[in-house]
Structures are given as C-alpha cells and as structure tokens.
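After this come two complexes, each holding chain A, first together with chain B and then together with chain C.
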Partner chain A sequence: MLGYYAQLALRSFRRNPGLTALMVLAIALGIAVCIMTLTVYHAMSGNPIWWKNERLYAVTMDNWDPNQPYDVNNKSRPPQMTYKDTAYLFNSSIPERKEVSFTTAGVLSGGPAVTPHRIATRVTTSDFFAMFDVPFLYGSGWSAAADRPAQPLIVLSRAENEKTFGGANSVGRTLRWNDHEFRVVGVLNDWFPLPRFYDLENGPFSPSEAAFIPFGWAAEMELPVDGNTDCWRPEKVDTYKDMLASDCIWLQMWVELPDRASRERMQAFMDGYWAEQRKAGRFERPRDNRLTNVGDWLKDQKVVDSDNRVLVGLAFAFLAVCLINTVGLLLAKFLNGAPITGVRRALGASRRQVFLQHLVEVGTVCLAGSLLGLGLAAFGLRALQHMYSAARFGRPGGYQELMHLDTAALVWALLLALLATLAAGLYPAWRVGRLAPARYLKSQ
Partner chain B sequence: MNLNVRPVLTALLRNRTGAILVAMQIAIALAVLVNALYITTQRIERMRRPTGIDVDNIFVMYSGGFTAHFNIASTLQQDLDYLRALDGVVSATAINAIPLSNGGSATNITTTPKAQGQDNYNYFDIDEHGLEALGVQLVAGRNFRHDEIQPPLGKADASRFVDQVILSRAAAVHLFGHDNPLGKPVYDSLGQVATVIGIVDPVLGSWPANDHPDDVFFEPRLSARAGVGSYYVVRTQPGRRDAVMRVAEEHLSHANPDRVITFNRTLAAFRDLTYLGDRTMSIYLLTVTCCLIAVTCFGIFALATFNVSTRTKQIGTRRAVGARRADIIQYFLIENGLTTSAGILVGCALALGAGYWLSLEYALPRLNLYYLVGGVLALWGIGQLAAWQPARRAAAVSPAVATRTV
Partner chain C sequence: MLRMQNVSKIYRTDLIETYALRSFSLEVNAGEFVAVTGPSGSGKTTFLNVAGLLEAFESGSYQLDGTDVHQLSDDARSRLRNERIGFIFQSFNLIPDLNIHDNVDVPLRYRRMSAKDRRERIGSALDLVGLSSRMKHMPSQLSGGQQQRVAIARAIAGDPAFLLADEPTGNLDSLMARQVMDLLEQINDLGTTILLVTHDPELARRAQRNVHLVDGQLSDFRPYEPRPVSGASAAL
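Right, the complex of A and B next:
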C-alpha cells in the first residue's frame, strides 16, 4: 500500500513541479541553517570530561579589590589564582589529586629533525595527566618528586613528537627547551579537549599545549605567563619573586574530590585559610571561595557566547517560517486536489487511507528537504571552517574546530525531518481526510 | 477610491487557515528582519570605526631570544637599524603589543597621586619612531625625543614608569575633561608620575570590542621583555608591504642564531581576525534574513496563485455581474493587505520581545524604533508585491468562465 501511496505522491509532484521544488527548498534551507547552528552550539556547549564532572573542581578565591569586583560589568569573581594561595592550598592532602598550572612559551631546539621553534608549553604539576585522563602514546607523566625541585623532564604532544622525532618512541631522548636540556618521559596521544576546560584564558577552543614541564621550573627559570595576568593592588612588582608574592592572579588550580565529604572538607580548608589571611589584612571582599565543577565552570566562564545563542534562536525562527510556509502550500495543494480525493473516497478509500496517502506525500517532501538540507549544511560548515582556518593562518584553536559535521548533526537532521513532517504535514493531511467527498464530486 | 474592505474581511474570516499561516510568517519575518538589521548595523559601525593606524601598509614580526648568549638590547638595536634602512620601509619600531589584535596590556592611570583609578588604559611602549611607524597622527603637543626613550624593563625593575606619555584624545578627555592636558601630570598606581607631552587622534588600541577601545596611551620605552621577546611594527611605502616582508624575514631569521622569528604577518590579518566574528555574524544574519524574506515572499505568492486558481469561477461570476479588472486586483491586494497587517501587528510585539531579549544578551540599548517602522513598511511592500502578479492573473479571468461548468 505504501508503495502505491508513494506512486501517487510522485504523480502529484509532477503535477506541480515548481511548487514541490519550492517546498523542498524551503525545508532544506530551514533544516540546513538549523543543523549548522546546532552543530556549532553542540560542540561549543559540550563538556569534554563529563564522566568526571562530579569529581573535578576549579578552585577560586575572591582576593580582589575591596572597592570593586573583578569584573565590574558581570560582578563575577576572579577566574584565576595567585601564586601564594595555590602554594598554600596545594599542600592540602584532602584532594585525591590536585593540579596547579599556567601556559608559557619556550623555544624547542636540539631535536634531530627541526630548526628551533617556539611552542606553547604548559607548566604543571604531576597529577595533571591522571586527573584529566590525558591519553599517552608512549611513556607517562612525571612523579610528584619531579615537581620541586624541578627535574628536567618533558612530555610532548603527539604532533610535536612527530615534528621533532618523526613520530618515533622518543621516551628517554633529550632535547633543549629554552636552551636547557630536558629528557622526554612521555608522548601524548591525540588530545584536543573542546572547550579547553582546564584553562580558558587564551580562548576556549585553543588546542592543548605542545609540551608539558614540571611546575618547579616556573620559579627556577622565571617563566613568563602567556595567558592573562591581572593585578589590582598598588604594589611594586619588580622581580619574579615580587610577582610570586603579589596579589596578581595568573594560575589555574584544579582538585579532584571523589565525594561530598571530601568536597566539604576542602571547602572548610579553604575557608579556614581565608579567615586566617583576612585577619592578616588580605581578602577584604565578602567571602567567595569556590569549588566549581567542570559543567558549571564552562557556564560561569561564558564559553557559549551571545552570538551563538542568538543564532540558534534565529535558526529556529527561520525553520518555523519554512514549515509554516510548507503547511500553507500543502494545504492549498491538497484542497486543490480535493476533487480527485473525492473520487477516491467515493470509490471506497477510508479517511485513514486518504490521511496516510497524503502523509506519505508530505513525508517524501520533508525527507527530500532534509537530505538536501544536510548537504547544504555540510557545504556551509565546510565554507565557514575554511574561512576561520584561513583567517587564523591555519593555526588550530578557532571556531573552525567546532564546525565538523558529526553524528550529532546527523541525528539532528533526522529529528528535524521528523519534526518537519509532523509539523508541516499532519494538519493538511488530516484536513483533506475530513472533507466530505460528495461536495467535490459535483461540478464547481 | 472606494475600498471595499468589509466583504474581503468576511470572506477571509470564513476561510481563515491560509490567512493565519501567512500572517504568522509575516510576524516572524518582521521580528527577525528588524532585529537582524539592528545587530548588523551595530557590527558594521564597529568595523568601520577609524583605527587611526595605517593598517594596510604595516606588518608585524615577533623576535624571541632563547639562549644564554642572547643580548636583547643589542639585538633590538641591530634589528631596528636594519629595518629602518631597508628599501621601501617608511618607519619601524619595537612595541609591546599589536594594536587591533585582541592582545595587549592595560593599566590604571589617574590625575591625582594614589587615587583609586577605576579605569584601565591600554598602553603601548614605543620609541621616537613609533607614531610614524603606526601612522598615528599627532594633533597637539610633540612626539617623544630620542633621549627620552627608556631602556627595556629588566628582571629587577618591572614596575618602573616613564617620564613622558602621549595620550589618545579619548584618554585625555576621559582623564582631564575639557582642560588642556599638555604639561599636566598623570600617575600610575604606585604614584610614579609622567608628564603629558602630546595628543594623538584618532587611534584604536588592542581590543576593538571593548567599551572604550580608544582609551590608549603611549610610553617612550624600548619594548623587550626578558624571555618573551619583542614585536616589531614595520610600516612600508604603499604597495611594497609584501615584498619588504619577505626580505626582512629572510634576513632577520638568519642574522642571529640565538633567537627565532616566530611570526611575520600583516597587521591587516590581525585586524581581520579580530573582526572575523562580527563579519561572519553580519553575513550570516543577512543571508538567513534574506532567505527568510524570500521564503515568505514565495509563500505569499504561491498561496495567492492557488487562491486565484481555486476561485476562478467566483472571479468570473464577479466579472460577469459588473466588476472591473481593477476591482478584482483591488480585492486580492486588500486581502493581502489585511493578512499582512494582522501579521505585522503580531510581528511588532514579537520584534519588541526579541529586541528586549537581545538587549539583555548583548547589554545593548533597546531596539531603535526606526528599525521597526522601516521593517513594517518593507514587509507591507513585499506582501503587496508578492500578491501583485497573482492578482493580475485573477483580473485576466474572462467573465465567460461563469457560464461554464467545471
């Protein structure tokens, strides 16, 4: 029976090819725009380490100016930490794992294959890799003993290892980082968390760093921060030591707390430290010490920007117009074909059959529209990806990372096609099924 | 002209569905059109703001030393001497950050010592060639002199201030109101003092998307941070940028084995990247809005055409009993006008609602009502235009149709 309905639908399309094309195109455009914005939105609002969402917490303490909040417009708390506060909190044994880090840049040289080049490098503590489930291709991270005094150990990203050692297992080999000799202890497998939750300062879609070195090197080599350094207190910051002792914020700190009890203990530990410091004259703002899980952290830091929320709204408004348009056209078309339907009804087709027949016709239009829409969306995303990639000189880390047509997009396309069929076709098909046949058998 | 609205309205109310659907489309189209245009105009205004900088003839290089032998002061001098002597170069300077690139430094300055400054001013460390290298115009006072240029900040004096500053006009107004700022002191947060010696205008700093992107000042200092390196801003004669860029990079990357040239890019590329979001957003908004209007327009057209073809017999009858062609055209245009008006009424409410949401989302002023008026007129026009052709087809129906069956 369905085959027969499909045949009828085809015949009906042939009667009004222009109108059919218009409907298919409208649905395709509506769905394409929706898929494009939803793909980007989905990638942007994702939580790249959702399985540890209730274990990983960003540590923040409001150490800001008593006269004004960190962010005057949004009244938000400082997103980074001072050196002295992380140094104290890091001594706590409450967290199962803990991490303090920042991003810097160093010149890599002395490898077999390459000329000296500058690479983004994360200066971090030993738990970083285990905490964030960072995958290793060869070797592993370093032990806590290597953090301080800092040992000359380095972990390379897979891409950097390919560039410097041709992709070979380089564990145990040496190279020079900022003209100091470092020994490779591990090589990461591909790792590109989107957004880069552990440090959002240089753009939420930046790739993870090309190399990782123990935290002790920060003070040892006086490594500058390649992210943001924010200061508020009028204090002399002349030397690196001054910087470490200052109220400037420039560090990211994360802790892994397995359960509620440990979270409460950690919170109490922070509050205790806060109270003690307050007595000594620091922390003059109202108490705001927080442990924020990854999902909330990404929300607080506004990873999804306004433009994207607006575009999702626009996409659905557009889809709505396309669907309403289709409803109108289908209705007109079906009612125009009422005399034929009247004959079919008179010859014994039930209301249900007439309804189904028209629904098959609508479904075909919507399916064709969705397929075309999927194609258009793939093309559109490709174009945008090229545009962003070109503007960033081919460097990764921009919006282009979010513009891959993925399985989520396919699911969206399918859902939207179904939604379109139901929204656009149900009413016209039902309406035409309810027509009294007798009226249409008479002459106009 | 006698407009017969009543019978049209009665007929419409008897057969509501099609009209309601068209009205809904018009309503959404209006809300989207008005708000999309509003956002787009703001983006375009932002992108069009004068930068004050000769963006198209400037390129930027980054030089970073990495060995113990690296002497930053001598390298800086050699590099700048080489660049300034290069054929086709107008001027060059070392600078601490790239204007229009979304990266830079800002600090508090005030007009009274030890005052709690609330506002940050974006600053650039340049030498006496700096203004010329950027192409920024001095409108009052004087430029830095060679002997005023401070040595680079070292590892032990990173909070040292300068003795003179040049302000942007915006920063001058922000700090001094309408007083003449020349010769007046400004203080950094530690109470160190500098004298204002010049005013430039216009100029945009590092962050064009900021509330006050033109709150900028210049410090007379060779820019080089230990372990970080220096940016060189090089301005060339018009049309020679790309050639000079290649020559300069070729030379500098081999001139000194203790450093690397990390990048060499045009300032235009940095500017374009900074504005990329605004640009794609504008293009995307306009494209989708155009598609939306087109779909609506075709929808109205197709529906009107269908209405005409189902009503052929009625139209013939009307013609046969004396209606003129103009009456028939009028009928369809009035019908369209009524539907559009209903849509526009709902659309105005939708547009204002969406505008309110957007003003919260972007912290922008509420939707300008001129846009709404413009949008209403535009959609009215589009509606009438879309109905015009079907209406004419209707008018062409011969009165003889009334006498035939089927």
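Right, the complex of A and C next:
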C-alpha cells in the first residue's frame, strides 16, 4: 500500500503545486537555517579528538596571585603553565606521552617555489604528533633525542609544503627557518582540529601552525611567544633566561595517561611538586592542580560562548515557526481534500489507512523540504565561507574551516528535520482521518 | 441480510437534539431491490449512511450478514464496507484527478488484491456498464450519465452483496436516468441486494419493495406500487 500512497501523494502535489511548493519551501528554509547554525555550533563545540578523550589531559597548576584568581569573573585557574613547572613535570616518566609547546613565528626561506615569508610555527616536543594522532603525508615527526639538544629538524603542514615545494615529497630537503638551516623530516596531511584544543588560549578556531620545530630551539634561539603571555606579579624579565625562570605563564602542556592508575599517580606527582614548591614560598593559593580531559577542557575554557547557544535556540525557534506554518498549510490542504477522503472512506478505507496515506504525503513533503533545505544550507555555508574567508580579512586562517557540512552534523540535522516535520504532519494526517465521511459525500 | 431494530440516530448541537432515525426497524433480504422514499429531511440519507457503516447510531441493533456492526472497530467496519457494500451517489463522487480505470480501482486497492485480479475485475465492471473503452479517460471527459455508470462500475467491481444508491439519477436527465435504472435492475437480477433512496415515484415503482420514511420512522403509507419480483431475485 505504501507505493499506492506515494502515487497518491504525487497526484496530490500535482493538484496543488503552489501550496505544495510553499510547504516545501517553508520546511526547507527552517531546516537550512537549523543545519547552518548546528554545523557551526557542532564545529565550534565538538571534541576533535573524542576517541582519546579519556587519555589526553591538559596539565594546569594554579600558581597565581594569592589575592585574586586568574580569572576574577569565573574564579578559574590559569590555562597555561610556567616554563619552570613544565620543565619539572616533563621529567616525569608516568605519562605514556607528554608534550609542552607554544606558538611562535619565523621566516621561512630557501624553498624552490616561494620567496621568504613569515609563518606561524609551533615549538613543541616530539610526542606532539603521536599524542594528537597527527596524520603525515610524508615522513614523520622527530624523536625525543632531537628535542634537547635541539636538532635542526622541521615538520611542515601540507599547505606549507605545497606552497614551498609545490606539494612534492620534501622529506630530506633543507630550508631556512629564521637564520638556521632545518631539514624537513615530515609533511603533515590535512589536519584541522576544530576547536584547536591543544592551544585554546591563542585562538580556538585558528588553523594549526604551518611548521613545527623541536622545543629545544626555544631557549637556543630565544624564540618569542607569538601568543598570550600572562604574569601576575612584577618581575624583572629582561632576558630570555629571566622569562624561563619567571612565574609568567605561556606554555601549554599535555600528557597522555592510559588508565586511572596512571592518572592518579600523575596527580600525586603534581601535588607532591606543588607541596614542595609551596614550602619554598610559591603556590600561595589553595591547591588546584588539575588534569583535564579534552571534553572538559573545551567546556572549562568556554570555547562555545552563550551567544552561540542563543543562536541555536533562535534557529530552532525559526524551524518551529516554519513547521507551524507547514502544519497550517497541510491542514488547509487536507481539509480541502476532505470530500475525496470521504469517498475513499465510503469505498472501504479505514481511518488508519487514511492516516497512513496522508502521513506518506507529509513524509514526501518533508523529504523534499529536507533535501532542498540541505541544498540551501550547503549554499548558505559556502556564502558564509566566502564572507569569512582569509582573503577578505587579510589574515591567514579564520573561521572558514568551520563552514563545511560534516557528516555527523548532516546526519543529525537530516534526522531532526525528518522527525520534526513528520511530527508536525501527524496532527493534520490524524485530523483528516477523523473526519466524518458522510458529511462530505453529499456536498462533493 | 440487513436487519435493523429500533435504531436511533440523533444529531446534537448545543441547543437541540434532532432525531434523524427514531426506533427505526427494517429487514432486507438477500437479492431484494428496495426503494426508500420520503420527503426531504425524513432521514433517508441518514438511514443509508448508517446502513453503509458511514455513521454510528445511538441505540438499537444493526446486523449485516449476521454481524452485529455496533461493536465493530473502525478497521473491521471499513473492511466490511469494502467487501460487502457498494455505494452510488447522486453527484457520482468520482475522484477528479484519477482516470476511469483508477477510479474503479480504488475499493480494490483497499482490499489488497493482486494487480492481475484488480485488472480483471475493473475490466469486467467497466464491460458491464459499457465503458471499457474509456479506461484512460478522466471523469471530466465523460457525460453525467457516463460518470454515473463509472460510479456503478466502481461500486460493483468488488462484487459487493449490497448496493446502496443515494438518488443515483438525481443529476441526470430522464433518458440517462432510465439507463442507470436499467443497469441497476440488471445488477439486481445478478443477485446483488439494492437499497435505493429516491424522490422519484417512477424510479421507486421499479423497485420490488418500497419503504417510506417520515420523521425518521417507517410510515405505513405506501405511495407507489412496486414492480413485480423477477429474474434471479425472484428465486430468493
């Protein structure tokens, strides 16, 4: 019977093409707005490395001013670490992997394809790539031995490799980063972790860096931080050595702890270090040493602000308005066809069959609306991508990576659209099934 | 075949209750051709709707083929209506955007018959009414008489035991009306029980039995002499 109902639905659309188009358009608009908002929200709030959520932990210690918290409004702990604390914690053998890093900038030259240009560079330790499941197109990262003493090895992003070497396998090739020769050991494949969980402090929706060099170069080349550095007390920071010894925070630290036992041991290790330091006059605030998994880290750092949630709410409200309009149009259409329904009832259709017949019609409308909505959403996201493109803003990166339909968001949005529209169509379909057929048989 | 006893049907509004049928009793035997007559508002159409399971009734009992229909679910009533009852309406009630074939197909679809069986039945029914060459025509391309013949084909395609006709000639000229009545008699002669609601004394006279309704009740007044029982129905 479903095939028959589908045929009837198509006939019904042909009978009222204008009304049908209006319903499809109403649904499509509501769904397009919802999909666009949800896509952006999902990209902004999703955990880009969810499969390692219970293994990766951001390391933080509250070394801040005893008189006031780091974030006065939210009373939260500092999101970054000092060099001296990371240096100590990094020596622990408890984590399976560990990483300390910061972002800097350098001038890359020596490639065959481009003139010297400034690139964002992450100065990090060797485990960075394995910890964060960074994909490689060519080669690999460097070994722990290359961290210190720092060896002149560099990993390029795919985009940078295309720019500098025309996309060829550049592993083994040499180029200059600032005034030093570096040998390329690896080229990343596409990697756009959004939000950029490993460094939320310096732009959660910025693209990952164009190059990566061993952490030992920080002190060796006295590399400045190209991100946020916060200090809470007056300190004499005239030299790089002063910076390393200061209580200023500028580093991100992550550890990979495979199980609860290792997590507890790492926590104990941090607390022990905290206690020693406190005795020595540091860490005057209440103890707040934390290992925070990625999901909680994104929440703690308020990656998705309340405006976005409001926007999602408004998008759903808009969808609801569209669906309510569709319910009205469906009711009008179905009640307009009541005489024919009366005839069908007289010829043996049960209420259930009439309900199902109209539900199939609703389903077809909502499928058409959903597909059109999907097309509109894709178009809208392309428009947003253009609006927020790097070229328009004159700076690299930006929000454009957010504006693509990802499969999960798409499936959820479509499911939501189908369910919402079907739910909206239930009442008109039920209502027409309850009509007394006799009333319409004389009047047709 | 059809047995109604003390059936009452009331239409209610906030202010008034109107008895459309009041303790109405009627028995119709298999193969009979019964004309139901009466003035406007006497309850003829209500009787037909109740008989055709399109409307519920407040009290009394109604048995169709030995089944007490009062207790049946909507599904069961619809199935019974689909399998045992055929309807013919004054305004034909063909579905305008279905062609003749598909209009006759409607009751068969709800019976979930195979495509082959449906094709055969549609062909036979349209043959009987002389319109098998017009299967692909749309209702709007036919005259009123032809449309009513399609409606008759639709009503008999499922081979119902019971045909309910509500003023089937009301929208036709006298020639067409006569043709439709000839067709109904032919169907009745083949064994189908027919209940015909009409205002027309001439048509009522062609039925085997007349039932006169006044204010929702049977009246003893017999305004017309029915036709003599003949053919197959005479044997019943």
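FYI, the second predicted complex is superposed on the first by the 400 of 444 C-alpha atoms of A that agree within 3 Å, B and C clash if a C-alpha of one lies under 4 Å from a C-alpha of the other, contacts with A are read in each partner's own complex, and residues count from 1 in each chain.
As a convention for this text, a residue touches a chain if its C-beta (ideal position, glycine included) is under 8 Å from a C-beta of that chain, and two chains touch if they have at least 3 such contacts.
This is a predicted model, so every value here is computed, not measured.
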Message: Is A:438 touching anything from chain B or chain C once the two structures are fitted on A? First, second, both or neither.
response: second
- request: Using the touch definition from the top, say if A:106 reaches chain B (first), chain C (second), both or neither.
  value: first
- prompt: Is A:347 in contact with chain B, with chain C, with both, or with neither (first, second, both, neither)?
  reply: second
Task: Based on the superposed arrangement, let me know which partner A:148 touches: chain B (first), chain C (second), both, or neither?
output: neither
Query: More residues of chain A are touched by which chain, chain B or chain C?
result: B
- request: Tell me which partner A:234 touches in the superposition: chain B (first), chain C (second), both or neither.
  value: first
Query: For A:29, is the partner it touches chain B (first), chain C (second), both, or none of the two (neither)?
result: first
Query: If you stack the two complexes on chain A, which partner ends up touching A:173: first (chain B), second (chain C), both, or neither?
result: neither
- prompt: For chain A, which residues lie in the overlap of the chain B contacts and the chain C contacts?
  reply: 444
- prompt: Which positions of chain A touch chain C when the two form their complex?
  reply: 1, 4, 11, 14-15, 339-340, 342-353, 436-438, 441-442, 444
- request: Mind listing the chain A positions that touch chain B in their complex?
  value: 19, 22, 26, 29-30, 33, 67-68, 72-73, 105-107, 109, 115-118, 178-179, 221-224, 234-240, 242-243, 306-307, 309-311, 313-315, 317-318, 320-322, 324-325, 327-329, 331-333, 335-336, 384, 387-388, 391-393, 399, 431, 443-444
Statement: Within the complex, chain A is touched by chain C residues 45, 49, 52, 54-55, 74-75, 77-79, 81-83, 87, 89-91, 93, 95, 97-98, 106-107, 109-112, 154, 158, 166
- prompt: For chain B, which residues are in contact with chain A within the complex?
  reply: 17-18, 21-22, 24-25, 28-29, 31-32, 36, 39, 64, 66-68, 114, 116, 118, 155-160, 189-191, 225-228, 260, 262-263, 265, 269, 272-273, 276-277, 280-281, 284-285, 288, 291-292, 295-296, 298-299, 302-303, 306-307, 309-310, 313, 354, 357-358, 361-363, 405-406
